[in-house]
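Labels run A, B, C and D following the written order; every chain starts at residue 1.
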Amino acid sequence: MPSNRIRMKKNVGEFTIVSNSALNNTNYHICLQSDIGLPDIAPGQFTNVDIPNNKDIFLRRPFSFFDVDYEKKTVSLLVKILGRGSKSLTELKVGSKLNLVYPLGRGFTIPDKNDKVLAVGGGSGVAPILQLAKTAGSSPGQMHIAIGARSAEDHISIADYLQFAQFYFTTEDGSLGEKGFVTDHPIFHDLTQYNRIYACGPLPMMKAIAARAKEAEIFCEVSLENLMACGFGVCLCCIEPTVKGNLCVCTDGPVFNIKDLKW
Amino acid sequence: MPSNRIRMKKNVGEFTIVSNSALNNTNYHICLQSDIGLPDIAPGQFTNVDIPNNKDIFLRRPFSFFDVDYEKKTVSLLVKILGRGSKSLTELKVGSKLNLVYPLGRGFTIPDKNDKVLAVGGGSGVAPILQLAKTAGSSPGQMHIAIGARSAEDHISIADYLQFAQFYFTTEDGSLGEKGFVTDHPIFHDLTQYNRIYACGPLPMMKAIAARAKEAEIFCEVSLENLMACGFGVCLCCIEPTVKGNLCVCTDGPVFNIKDLKW
Amino acid sequence: MVNLAVKIKDLELKNPVMTASGTSGFGEELADFYDVDKLGAILLKGTTLRNRDGNPYPRMAETASGMLNAVGLQNKGIDYFIENIYPRIKDYNTPLIVNVNGSTIEEYIEVTQRVNELDKIPAIELNISCPNVKEGGMLFGTSCASAETVTREVRKAYSKTLIVKLSPNVTDIAEIARAVESEGADSVSLVNTFLGMAIDAEKRIPLLSTITGGLSGPAIKPIALRMVWQVSRAVKIPVIGMGGIMNATDAIEFFLAGATAIQVGTAIFRDPFTPLQIIDGLEDYLNRHQIDDICKLVGALKY
Amino acid sequence: MVNLAVKIKDLELKNPVMTASGTSGFGEELADFYDVDKLGAILLKGTTLRNRDGNPYPRMAETASGMLNAVGLQNKGIDYFIENIYPRIKDYNTPLIVNVNGSTIEEYIEVTQRVNELDKIPAIELNISCPNVKEGGMLFGTSCASAETVTREVRKAYSKTLIVKLSPNVTDIAEIARAVESEGADSVSLVNTFLGMAIDAEKRIPLLSTITGGLSGPAIKPIALRMVWQVSRAVKIPVIGMGGIMNATDAIEFFLAGATAIQVGTAIFRDPFTPLQIIDGLEDYLNRHQIDDICKLVGALKY
């Protein structure tokens, strides 16, 4: 790791867009370079991004880190076009600047070599899941990743991650992998082979997985995407009711162990 | 004139930036092309421009037409960087869109061949003055144009207009033409050779010229730049006190005969 | 086909999208851009008994997502209107509504009486909420007692549809709405502008000649929407909503909050076509949601 | 060197830039980004007698140049604060001010009494203007009588600097300011948020769980500035201004309008460094304009 690593816990800084390209129908991959060193960034952590090119947007928008390269001082985001802000981001030209608050939140508990892991990603939720596999340095025998999408065109390439995990695909229209929701995939028939389950994606998907994990009494972490104003714990807008009371998704999460949630 | 000329008196339309370049220290030349035909646009008329790339700007910004090419369906603006909006305009890339409300206001009374004209421009006020000369199809013998600026670097090239007028320059630092304000130029020593005076530029300049024209009892039109919200006569924000009461600069002007003003 | 027509007492509108007073002149300026007969109605610029020059320049300041104005009811007076402007615009095929102003109750009554004679003016909007004049104006609209009095007296002088335009610069706008309803208002329109201020930090001077002025535009939309919501639940008469409406989505929010019709103000300065775009957008929304009548949206917020 | 220090009664600030309550946690969150001792003061998050969960999610909606919140004073109560949080933050070298809330006068008094014991809390801000709670809150701040009563009772229980935070949701904020001044407030701070509303037009539901919420951010700046102007001319005690301050220019406008100090709220969500940037910007402005003391800017508007 380079020695010019940033030391403050959290930072606000300008990044330069080094690439911004469509991965498929709805997802863009945006790679951003910092002038200064990067702090440690864990899988599941996120950044709150100022959207510079849209007059109608006032607040920042949170996005998970998809990838981090400490040498090149780059981070990348996987942006799914949902509304105005995400759309505007995908329209930014290479070379333009983006202001980030980073790194935010608490990431996933990194599995160790002995863990047998099932990680499930849906939509843009695949970003932190893939980063988790890479960071854990897991192997296909040890980590299984299930990815669900609407259709084959909504899936992103996972070629770079084949060394870290065994992949399973589902599509709602059956155009790739198993047909149906990701939780319909046969690997869910027997969860007892896993001692850890991770999930990131649409709320109904995460709730379904949490229910299965709870039933099977398996450690399970999910990453929530509550609406945020600040992203660093001062506004109390992003709260999630938990057994410990209302917690902030931006600081106590976004990753939560399902045993703490009131699901 | 092409037959697809727009028929409504006023329009709102998208233009594409075909060029956007610095003329000198402070002035940019922006050329814009319309998909559809242009309506008749007279010298002194203006357009109210939506500034797309600045979050802090809510209202449009008015700019005079500097040039119009009905065949190419292009108009051009001479933009002097004064604040946030003008600055943002100069940063727009070729190919991007600009939304215009046009054409607005009443232009200069076009001089005819028998008129002997003195036209004076300061700052971005040279734009309508040059367009006036071109539209009138005047000759250097008939039209004298005096242009004032702070320094040589603030002057724009008038090569294309040499056929229409005789030019005189002043600079405050003496780096081009006579040193001093434009009204210090020797041509102001004897105004009786002219039967029409036109002025566009900073308020103190126009007031000084108006005073001289009044004294010499010569027809004189000036173009005002009052703050505007709408640009087409509905908000009553741009008013100028006149002998006829408060008039709207955007509809009754921006060009006024000084005999109507309370200067 | 969806129905966009609404009724405000006897006032029939082919669609519920009107242009707001002071932001659309006498309709003629918009007619330079398009056929104004497409509009639901045109609220004419604020009119007083006698000529008013309005406030000195500068009268305008841009603010975040909005603007301040200090026009101060510049107009040539009701007689000039009747003699010179009315004849020019009376044949527009859309209702023309006079925005009536005064600095005393007597002035309000006199203007109203003259407007009452005009065949082609089916309604007035009683402006008791202008923040930009020294006497009268907003003062009438910020206490129940004075709002009641002026409404009662004007009601006596006016037989057609009486809309009362409320000021948002109050602690409890629902209370004022109830007060004018009880005195015979056929409808309330809200909101007028919020009293605001802007300063040139470098020159250390106010940006408006009058120091304070009226804030309008999208900045105020959340407050305006809340007020429409509160008022529509407090009164039985139809509510006309406005304040920062820039597009059809904004307009729909006002209908859902309880407005029977809406007005478009400051948005017109940005784009004079906004009211027509909103009409199209409403039709589109209703079609998409398979709702056959705009009236079914009114107050249809699920909560 | 220019002087940025100001005094609010006995409260000494090294500079007049504070962070607003509810937008800067307990200072610790900002300390993740920078040294919070540079701040003029930190207004701690709103505190009540007992634990409050606040309102259900969703509590936030973005609006044009602003946002609505409906947090509803989520906090763990004054005892938890004293035992768990105060010890962690008390050694910051910047004044910590507790924002005191209650649903009854008794609650306000009880919280105040406990805060009075805390050595390192030199002042309280009495919040009689929270629009996001059912009982108490804004209701105390919207009538002179109740504002007077709560100020009087809290004044009796508190010996240090008492700041009263005013609601902008009133017809005449100057009147309320005079009322709390007469009951012993050492300062007034304004504005709290404006009651607003946002709707999801497609789903036809409110965007906040509570339907209405508090509007903040640059959208409200013109109104906040006008209120600071009115209040500072109506009272003799120092005025603390806030509402949409995003940068040093905005802050200077508030000083010119009559504020002795300012608070930065929503801007912190956009950029937590905003307060520090404002401090630098103030210094730069004073140097550029050759003014040696920030106090000379206070109310220095030329008009």
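Keep in mind that, in the parts below, contacts are C-beta pairs under 8 Å (C-beta built on N, C-alpha and C of every residue); 3 or more make two chains touch, one makes a residue touch a chain.
Not measured: the values here are computed from a predicted model.
Novice: If you take the chains that touch chain B and keep only those that also touch chain C, what is left?
Specialist: Joint contacts: the list comes back empty.
Novice: Relative to chain D, which chain's C-alpha centre is the most remote?
Specialist: Most remote chain from chain D, centroid-wise, comes out as B.
Novice: In angstrom, rounded to a whole number, how far apart do the mean CA points of chain B and chain D lie?
Specialist: So the centroids are 48 Å from each other.
Novice: Just curious, how far off is chain B from chain A if you go by their C-alpha centres, in Å?
Specialist: So the centroids are 54 Å from each other.
Novice: Please compute the C-alpha centroid of chain A, do the same for chain D, then give the distance between them in whole Å.
Specialist: From the centre of chain A to the centre of chain D is 36 Å.
Novice: Hunt down the residues of chain B that sit against at least two other chains at once, touch-wise.
Specialist: Residue numbers touching two or more other chains: 57.
Novice: Which residues of chain D are in contact with two or more other chains?
Specialist: 63-66, 217-218
Novice: Would you pull the chain C residues touching chain B in the complex into a rising list?
Specialist: Residues 22-25, 29-30, 32-34, 45, 53-54, 57-60, 62-67, 69, 71, 74, 217-218, 266, 268-273.
Novice: Inside the complex, what are the residues of chain D that reach chain C?
Specialist: Within the complex, chain D touches chain C at residues 61, 63-66, 68, 142-143, 169-171, 194-199, 201, 203-206, 211-212, 215, 217-223, 225-226, 229, 244, 249, 252-253, 256-257, 285, 300-303.
Novice: Residue numbers of chain B touching chain C in their complex, please.
Specialist: Touching chain C: residues 8-12, 50, 56-60, 99, 101, 226-241, 245-246, 251 of chain B.
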